[in-house]
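Let me begin by presenting the structure, written as structure tokens, before commenting on it.
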């Protein structure tokens, strides 16, 4: 599948950070889904760096939808979104072309593409590719919302500063979803911001953990082997640059405690089966049980730091030192939030359309 | 893809715990790989319960290869392995058919399959399906070994008892790979065993964390979006029953520390590029960098405990209580080890054959 | 995909002609489809050689369903059908191992599998693999029938002898579907049989054309690019050994006439849109239009003739002569019929389940 | 897979005839393939209507490559080609929106997309989508050519006028490949042109048969079940609008003759195995045998004729009459040639890269 994801709804990403444009093709959408361009724009805005805690590279992300939408609604044919690249300073990268940046994909890209890759700004590996991903995800988010399925993500930890845990997704998540720095506890946001600014001042960076909750997923979606909900979500989530850990429900916290603590007992509530706790994150045997889907992603600190670092000059195969001058983010975790939401929406859309048919999330059903 | 995994090497699992047999089809193997049935048998033995810390259900796992092998070597055509089910006591499950076990897939299976599923012993969700997975994986493990790629996994934590960390895969991993309870520190094994027996005595169970290392992977394997090494491995690993968390390199440990700590700096060693540390687990931008692949899986405590638990009677939709009488394991983490190794081998085989061609891991290359 | 076919319903074939067994795994079936083993047996019988016009190799095709069926109905999990090989005379092939049979896959199999292939009786290329294909197809045929979708195929030509054309599928196709030699005109059957016997007497073989019709397909199924109904059906049909041509509607007959003859004009009939003619075989733009699906397959004459033929001794790379002694069919077109029906049913099931959801063809909808 | 094709090299098409642009994403290309934009332009020119035998709609097909090419060579990341739509007269279609054109996909599109489709000019079903297909194919054609694999197609029949048969691909096919109306016999071209003009004068259209030959394919490529060379090629070829029949080698001509005529006997020539005839079109058992690949496609007459035709008014569900005023081609077979070449190249590239690895057709190997 390479640069595509999905069985029924298939997303393909293309583009390089400093090429003419980045974009996405989304194939398998139901016909008749309303496409609200202002919602796409607001989602893209959440992804962009801002204020003192973001990179000075400022894209406007003027996107255009070149296919698959007619009179404001999806046609059901492939939808291509194009986002031209602007504010590109490729010269920043030319001088360090042979010096792979530690923690980045420069060296592995060279191994895979034999030097033919567009190395400027990370090329195809760039976080810039998450812009079309977010635009595509916005369409899936809206389609799910119309079926009562809502996704919320907050920064659970950042640079060691904790937010409080989701217990469930709050009824009104619009504030959370609009917040540029999404936390449940406002004081946490302020402490995290300070932590990021301190990292920036030290020419360093910080990461953290995102926690996501999804309500409204019907029970019975997913496959035992191998297209479990956990399997598909993690597959897609690990494509987001910087994510190096994914856990569902209580995840790694279950490692040290006895099993009797984690079995979510069943009960009847208003005529439907619920679980009294949700240690398993709404998934048993790879399949949704109708409770809140819950998972956490670890976003590693941005590798683009200004500290001088040791690397290798690939043209001479000698040890060398690199001090990057590009424009960097001291933290991307708050920006990664909308990418996680987008990926989650695309995976859930794919699962639902596979299970209930390609029209299921369109306006005809 | 449902019950299949892989693009170039495709594994399909079939079977139910109490049906006639479980099995696997492995399609896309190179021709000419030696198939050593005694190695398959020894791998299957590592998966079986044993001693005082295992379920009393004792399968002999007499497998038969019904296709794809001719005169001791793979033909290159689909290889089907069949493992008949023995020692089946289906009556254990009949009385509790309408009472889904908490923490199991009984309820989600019902939601998905509308009651047509074979509910006995977990049916298709049963850990029994990992037997053909291990048999199939053994063939991939052997093919990788012949290319110098070796996989080792140990129990890093169990019920709160730690083993020491892998720093790299030891040169001689044959002892580790043969150990029924694989740890780096023999004292840890003894403490873990006691912990498991204590859980068993309390009609409870424990889980833990497995740590895996793979050496010998060439650099340049994997895709940026979406078939990253992390994405493909996690997709497959999350299919293993009880795995609820996967992290690569330092994983969640990177959440709270500054980025300057985790950038693996490059150096030249013996004419090749290495990284001086391996916080990223041998993967940058989704692609192998030639260092040791390293990841950890959280195996949750077995949900099959004998404590009375609250559930719902699905025939009456009333709250009810369940006390299971089936034969259970107080811990499966040591048994999950060989399943993790198998899944890892199958995913890496798939990646390599996709990259270098279908004959790459056969004896002709 | 290799030895698999389908997106939502995936068929995987395995086995070699002279190995322990051949079989199929069918993944993605709806739960609750009744599985009538006697219908599977009767379909398998139509595939077997019989009487004076068939090979003396006589298999009983005792199949067993080893997974995916519980209490007579599909569970929705992968269904594995196993058919042990019997009446195997492998010695027939040993003497000619290095002499590839013209018109067979012996030589191409050698090129692909480097000599590791099981060469006996065509190995994995053998028409024997169509036995599990037919068994799997029988389940799809029954599921479609329960939705009012019926498939019929007859021998339109054989060795130059014509049957009359289908204009539409007759209301009662049970006689056609049960006939060992299916034709619309009984006199044609007799003439074809004589033609086949004459070919047999001359140590030669004959082929022909099969014509298939499917009624009851809903309109709006298929994709414009590339999973058109024609594309998916032809992809699967060309896997049937001996099929070298596929055409839809009037097919190649449209090459020489003006377009005004082939546009199927629309009309309203009983409140629904129909076409007044069906030159396009029920498909426009790759998508069903609700009319009868119609297509023809060319089945080439069996290549296994007893005439001495020139070949190459691959061990010496010298020209050589081959006279095969194996048991052969002077014609297989009548046996290919049930294979075409099976493949057609599997493809249509796949298309419908992809469009309307995985439960669509089960008993819950 | 829907609007994508391929396992290793994946093509995705997007766009509508009267939308902002049509385009293609090609994922899985080897890094380092030279991309000659003037060759793409000349291939696109062969697809465009011209002279008296083409539609008056005249696109310039100014394409832009927005990703995947860096400094004139493929990077190995997804290559997106965008072709803006020009010379669009959407009003032609507005008046007939509710009157589906016979022989077109208007009605089936409506059934599938519930009226949300962009109906103008055939929307996503338009032959216009073959423009990005041809541009993408040009890259594959060039990569294959660099490995000694060459493709040629000529008009074997058109409106009843025959060209002579290919016996093999001539050594110098550059003239054929550059000819706007490709035939082997110049006199045939003239007769076909007259036939087309006669059809145009009668407000009618003609179709025909294309014959394709490919030399240089290595032996041993393809799969027995189901990804045979015939299966994959036909799957992709049937997506080309107007193709309703595909046959390999002697195809339907084998239906009436005895098998002894069609077995291609083997011989040794210059130390390699050849077949003395090529009735099977270079494929046995779905796998290439090293001889010339040979197949024929039936291109039906353009359905867009100016004759008044009966149709249904979908808004009232009453019978109606349609006289189209759009700009049409009396024949497209000569334009379809380059589309067939492109599809063939993409499928063969996919097969080769799957077999020999993703770098196989790049400049590093």
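Order of writing sets the labels: A, B, C and D. Residues in every chain begin at 1.
The criterion applied here is as follows: a contact is a pair of C-beta atoms (placed from the backbone, for glycine too) under 8 Å apart; a residue touches a chain by one contact, two chains touch by 3 or more.
Here the structure is a predicted model, which means the values were calculated and not measured.
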Copy pair chain A, chain D: interface residue numbering same or different (half cut): same
Identity of the chain that, by mean CA position, is farthest from chain B: D
Inter-centroid spacing, chain B versus chain A (mean Cα positions, whole Å): 27
Centre distance in Å when chain A and chain D are each reduced to the mean of their C-alpha atoms: 38
Whole-Å separation of chain centres (CA-atom averages), chain B against chain D: 45
Shared-contact residues (touching 2 or more other chains) in chain C: 1-4, 7, 13, 77, 112, 124, 224, 359
Contact footprint of chain C on chain B as seen in their complex: 1-4, 10, 12-16, 19-23, 25, 27-28, 31-32, 64, 66-68, 70, 73-80, 82, 112-114, 116-118, 123-124, 359, 362, 364
Interfacial residue positions of chain D with respect to chain C in the complex: 1-5, 7, 13, 100, 102-105, 107-109, 111-112, 124-125, 129, 157, 159-160, 199, 202, 204-209, 219-228, 230-232, 234-239, 241, 243-252, 254-260, 262-268, 271, 273, 275-276, 280-281, 283-290, 298-303, 305, 307, 309-312, 314, 317-319
In the complex with chain D, residue positions of chain B that touch it: 7-8, 77, 224, 354-360
